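Following this line, the structures themselves.
Look at the two complexes coming up: chain A is in both, with chain B in one and chain C in the other.
This part shows the complex of A and B:
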């Protein structure tokens, strides 16, 4: 039986990783809302974020702030390249969404293998943004990086809300999500909006990767677990709902952490998938249907 | 039965030459030519399944089509839908096509996507035309009544500053009074100089507004005539007026 301290500690850890899942889940939602596509390569953006940042810091000796400033746009460009090179041509050729989704899965594997060839299979990490720590609250240790994750996560949520609700492009993206034909009829270039969605989604993934790498590590194959967990978070939150994905990520992260403490590390994924199964059976539209950060899907 | 009536003295706004469209192997629209002059209100009549909606979808490139399109004399055949809106060709879809989870204000703001700097001015003009929308400004579009939704759909299209407004059955599903209000507003917009292409089931109301009528049957135009000439075509009069 785990002690109270162990449970509290796992909750703290769960919130941190859960927020990362939530950001990955929001990435899924952004692309799905704009295009109806589930981008299974979403996890790879997390991996690329951590990987590029680590390489820029260790091999070019860049300070972390500069490395992040280069990494996020670089990964956003990778997202745009994926849209231009894979998704758009397939859409133009009348491919079904299933085929496109499968192609994104293939892209995930391809990018992973290219990363393996380019950077090797050695796990990499870099130090916390703020050296020192952890902060002790009683007997619970809270790493400084968690505060960065919480702070940046909160800032991103606010920034996304402002983007989707207060900017012309954000509103246009939401319009595309609800009725793409009507959006086109009003002059909105839907294809360009998809490009924006892929860039935004990849950028979010990169930020998640940069934030989480100091607490764990990055390697060519970390994208898949983050992608799967982000996908589960998005489903728990009611797919397409950014706020729901964030809440779903937090719930998933906390449950995974509790499962590790209570049952052992081997039960982490059992917990995640059990949660998914229960949610799918009891709440087919997600736990947080009705709670929206600004975007909801009505693909047409 | 085809009666050729030209909108003499007016320059051409939209001209479609031999436009056709298919869904798979089914040709829903046979090669069809039509034109709309500047400031003209043209109505398209036809029974269900005649191809009226397909024609509008083809003209706005929502449905892939063959044939050539000209707008104010310039060929626009290859342009995608959003570029047509940039030229001033805007359509209100059947079923209104609102962004149901966005507010009235947001729908109108999205309507002004191409003219963001003029949003406030355009919105004031829309509220002048449809004062009820101002009262509902923060309500979601999906929570409006049918008539209000149609007002919003038209108002949103007007935010895009159309030169030619196409409407696919704007009175569909509306109470007679609301339908009459909507159609009389379209008449007012036309009197202000807006070119309108109207697909409408409520033929008597639409015919009061129209300067010209195309009759579509089995995917092709079978007649082009003035509204008052319908009386003299017994089969058309029986079908559309009585």
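This part shows the complex of A and C:
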């Protein structure tokens, strides 16, 4: 039987990872709202974020702030490239939904393999943003990176809320999510909005990747678990709501942490995927669909 | 969910066209028998994948659904056959049928709740199923030996009579693949197959016609699972070794590349795609480590530019000929 300390410790870790899942989940929602498609390659942005940042720091010796400042726009560009090269031509040709999903999945495999060829299969990591720690609360150790994750997560949620409610672009994006044809008639450049959505979503993924890498590691194949977990977070939160996705991510992170204590680390993905199936089957509209949490991006 | 691909019927007068691919497959087999063992092995993989894709085509092409987790059933077949034949000393054919039945039962249990989902949810739920089985094959080491893989699986055979060389096995695989395609074709032209086409066209319309949509979808899913399981078992016997990586995400992407390249929703598309995609990397040997990149790139290009695959191209030519004939 695991001790109370062990459970508390894993809960603390779960909150950190859960926030990351939440950020990835928001990325799913942003693209889904703008275009009506689910980007199965979402996890790859998390991988690229951690990877680019580590390479910039270790090979060019850049300070972490500068590395992050270069990484996030770079990954956002990758997101835009994906929209321009794959999603847009398929939408133009009236491709079926499953074909588009499949194309994004193929894009994920392609980016992963290119990363493998370019950077090798060695797991990489870099130190916490601030050295020192962990903070000890009784027996429970809280790494300083967790505070960074919490702080940046909160900041991002506020920034997203402001973006979607106070800026012209953000409102235009919301208009697209409610009714694309009506938005087009109002003179909103819907195609450009999709580009914005992909850039935003990829950028969010990159930030999540940079934040989470010090607490674990990044390698060419970490994308799929993050992508699937982010999707689960988005679904628990009732697909399309940023706040819901964040709450869903926290719930999933904590559940996963408890599963690690109970079943061992190997089965944490099995646990998360089983949660996904149960949620999909029992609550097809998400656990939090009934009430609105934070920034409500999408209305059905 | 509508799909234009599936509402595509050939007139009976074109029967010779549906026989020529079978002749092509037989010719390939003869070619394989006359070449080195290496070529034979490559062709063997192609026909195993042809069986897998024919099943997938049943569910995706004919019924218009999506499963991103068929690799799960291939894993059940592969590991089932490996364990039954190596540890318990079962006859390979017996193990093949036993694992096919097991996969069918698993597909009923899993499909019953899952197939109520549509669109993205269906895609992600089936993807999750594939990932769950993949993780289990890695983690449940006492059953599957984890990353180490399962070695020493006996070759295909029947009641003690083994097929000793790859060439013998290739013949068996070609016969089995052709049999699989014939069964799929027969089912497709039946009342059942027409019901599936109706579901692919429009679910509400099919429902209005009195088709039990949920049941038919489930049956199509089970059929696809049984094909996938058979392919997994045959792979285990053909190679003699399996590991979790065999039934990973790359298997999903590779089989979709074959299916879309050959032409989804057509009878021979899966087999044509499987042969082309299997043989192509051997022709471009230098691309060895770029293989997965090439698969993904081909798949993306096919999805964008020729979503109906090579079979779609041929009907394009047919239309072109018809248009020019009166002149």
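Following the convention adopted for this analysis, the second predicted complex is superposed on the first by the 289 of 300 C-alpha atoms of A that agree within 3 Å, B and C clash if a C-alpha of one lies under 4 Å from a C-alpha of the other, contacts with A are read in each partner's own complex, and residues count from 1 in each chain.
Note that in this section contacts are C-beta pairs under 8 Å (C-beta built on N, C-alpha and C of every residue); 3 or more make two chains touch, one makes a residue touch a chain.
None of the values given here were measured: they were computed from a predicted structure.
After overlaying the two complexes on the shared chain, residue contacts for A:274 are found with chain C alone; chain B is out of touch. Once the two complexes are laid over each other on the shared chain, residue contacts for A:197 go to neither chain B nor chain C.
By the document's definition of touching, neither partner reaches A:78: not chain B, not chain C. In the superposed model, A:222 lies in contact with neither chain B nor chain C.
In the superposition on chain A, A:93 makes contact with chain C only, while chain B stays out of contact range.
In the superposed model, A:156 lies in contact with neither chain B nor chain C.
More residues of chain A are touched by C (comparison of chain B with chain C).
Touch criterion not met for A:46: it reaches neither chain B nor chain C.
Shared contact residues of chain A with chain B and chain C: none.
Of all the residues in chain C, the ones that touch chain A in their complex are 1-3, 5, 60, 66, 68, 113-114, 116-117, 119-121, 123-125, 127-129, 131-132, 135-136, 138-139, 249-250, 252-253, 256-257, 260, 289-290, 292-293, 295-297, 299-300, 303-304, 307. Those residues of chain A lying in contact with chain C across their complex are 37-38, 40, 86, 89-90, 93, 95-103, 105-107, 109-110, 113-114, 117, 224, 228, 231, 235, 266-267, 269-270, 273-274, 276-277, 280-281, 284.
Listing the residues of chain B that touch chain A in their complex gives 60, 62, 80-82, 85-86, 90-91, 93, 97-102, 106, 109-111, 113-114, 116, 156-157, 159-160.
Put simply, chain A touches chain B in their complex at residues 168, 171-172, 174-175, 178-179, 181-190, 292, 296, 298.
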